Amino acid sequence: MEDLGRHLARMRETAPLVHNITNFVAMNVMANVLLAAGASPAMVHAREEAAEFAGLAQALTVNIGTADPQWGAAMEEAAAVMTKGGKPWVFDPVGVAATRFRQDLSARLIALEPTVIRGNASEILTLAELAGSARGVDTGDSVEAAMEAARRLAQSAGGVVAVSGPIDYITDGKRAYRVANGHPLMCRVTGMGCSLNGVIAAFCVDQPALEATAAALASYGLAGEEAARRATGPGSFQPAFLDALAAQTPEALDAGARVSPA
Amino acid sequence: MEDLGRHLARMRETAPLVHNITNFVAMNVMANVLLAAGASPAMVHAREEAAEFAGLAQALTVNIGTADPQWGAAMEEAAAVMTKGGKPWVFDPVGVAATRFRQDLSARLIALEPTVIRGNASEILTLAELAGSARGVDTGDSVEAAMEAARRLAQSAGGVVAVSGPIDYITDGKRAYRVANGHPLMCRVTGMGCSLNGVIAAFCVDQPALEATAAALASYGLAGEEAARRATGPGSFQPAFLDALAAQTPEALDAGARVSPA
Amino acid sequence: MEDLGRHLARMRETAPLVHNITNFVAMNVMANVLLAAGASPAMVHAREEAAEFAGLAQALTVNIGTADPQWGAAMEEAAAVMTKGGKPWVFDPVGVAATRFRQDLSARLIALEPTVIRGNASEILTLAELAGSARGVDTGDSVEAAMEAARRLAQSAGGVVAVSGPIDYITDGKRAYRVANGHPLMCRVTGMGCSLNGVIAAFCVDQPALEATAAALASYGLAGEEAARRATGPGSFQPAFLDALAAQTPEALDAGARVSPA
């Protein structure tokens, strides 16, 4: 895939206002990640203002990590505003297998047609089952099974599905990319996956979702590689990651990205 | 303005208990900022205990960044305790222009007579309009318009108003100061403005609000300048800022402050 | 006490899923501390899923720092699942003296038989009074009074009680240990005590609670000593602490621990 750097440059020019209804654990790091990347974050979850705020935002992310019924309602109302307005929104089904509450909420959110669904292999497999699109799929958490589930989920949900892992897999149900950027230390820091949702959403503003998602994942993973070179553990990784994300140039992204058609 | 260092020394001697009802994004960094500055932070928002806790605290901050109706009620009850007890409280109308909910809540909070209102130019302009004190003011977000709005808001609300920006402007409606300390990296880190509210509140305990606010802004901005010299981006800026705030001496504040009558 | 390193090694082999219902201020740092230590954290508080999630977890921590009635109910339900299933849970009565709401909630939680209660001297004294076990105890906050209160509280509540301080004191009502590891900078960073609860809970999985708690405190304090050597203030202490916790070997823990029978 070409022109990844151009996607980054455009995102920074737009500096989109990204509305996030995310979990409490990730809120701070997610806001800092979006600021470092060049976007403008806002965390707004109260039902009294979520839909109204969504009307002002250029993109939305929804993450069910610490949701409750009130937050769930706000998520649905904000997501509906984005879908109706043709604006991108990203859905992260954190820990969807753990509780019935998460499964019910996720099913309602998928029905609102997220632009991008991002999760790890087991979350995507669970989601594909919920969506009734995983019949016949081997539900072991192998990468192959998750890729098949991602393709079917993308087709049934009508958006892009991104499976995070050592090598990420992104598909719109027809075409697909693999992104090999990243570093194991990224899994030792909380909120890294959640924060990535915001970067994906920012890249998707006025750019095609499949390519924008691939560019966002490459940019993010490359910053992780840079940070890992400077870090001595998961603690020093965090400030180094924000520094690397802020300093990344479009040229460096084009040079360092490892994105290939799948 | 003289004796800024003395304001810092007194705040540290008092080490005031500062009660904060602030947004989720800023809670952690705000608590760390207050600890580094030399105060004692507590985050207490439940309606079942907010007013009771306000009775124990020496100062309060209220920030509507992620409020909901329950939190709003707790804010009003805690603020009323402070005003009745003659104890300082700081109000931050984050994003007040964005939603009707924020405007209604802000109007109710202003009526409770905050000791200090702190916001950026556009927030102060919106607030002055809400308070009916911005009639005739050019509502473009120019610094001049915000200064005029700040003066009128201070007069109608009966407290100090601080407008954050490249050069801060602080007024009680009669006298005014400009504070030129600070660094652009402070805007690339989330929660920096919110955390400043706590430092202002801590400085205001047993010290005159206008001068205490100017001293707090100078102290905070100077720590930001120190941190920026050591940082390589917004990530490394954060630990460096807390280190600088903790290490700042009254003498260094007197030497580095750029505060002038306006 | 011998074999502290073996406790650390076992905890890392288990890599237990630790369910936390903790305050908003500490959530992010606590998740990062648990990841650095080698455990698997999850923050789940909604009443609609807390008990169900507790069924999946190997340990639980409960912290009343920013609780409200809904959270309190979720805490009780999740704690009951752990006690019934014979799984360890840790209770932290943050600021219990401050409000009636905290005292009532704490009394209900103690009745659910926490495996470990951890607090500072004044919190343990308040708790012992609530439990009716502090009669005749001098309620000045001296270390001696807190130790006596801890012994009586451990006997009446039926678990381990840990009093945090310059030298920690841990007792099950019969035997006791002192842990002298730690550094004053740990008190200048928010969430350090709360995050320790998670480490204690992780160590308690399939290990005897008194010894596991002593090992957790020694491991944590030793990482604080390491971090303090590399830090220049409370800001740089935080990443250094996570790095030190992640890098700590069982051998280093055995060599550096200062644990003695009391």
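Each chain gets a letter, A, B and C, in the order it is written, and its residues are counted from 1.
Here, a contact is a pair of C-beta atoms (placed from the backbone, for glycine too) under 8 Å apart; a residue touches a chain by one contact, two chains touch by 3 or more.
Remember, predicted model here, so these are calculated numbers, not experimental data.
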**Prompt:** Based on which chains are in contact, what kind of graph results: line, ring, star, complete or other?
**Reply:** complete
**Prompt:** Rounded to the nearest 5 degrees, what angle rotates chain A onto chain B on CA?
**Reply:** 120
**Complete:** chain B and chain C have mean C-alpha positions lying a whole-number Å distance apart equal to 34
**Complete:** Among all residues of chain C, those touching at least two other chains are 24, 28, 238-239
**Request:** Would you mind writing out the residues of chain A in touch with chain C in their complex?
**Result:** 23-26, 28-29, 65-69, 95, 98-102, 188-191, 231-239
**Message:** Give the list of chain A residues in touch with chain B in this complex.
**Reply:** 24, 27-28, 31-32, 35-36, 41-49, 52-53, 56, 70, 238-244, 246-247
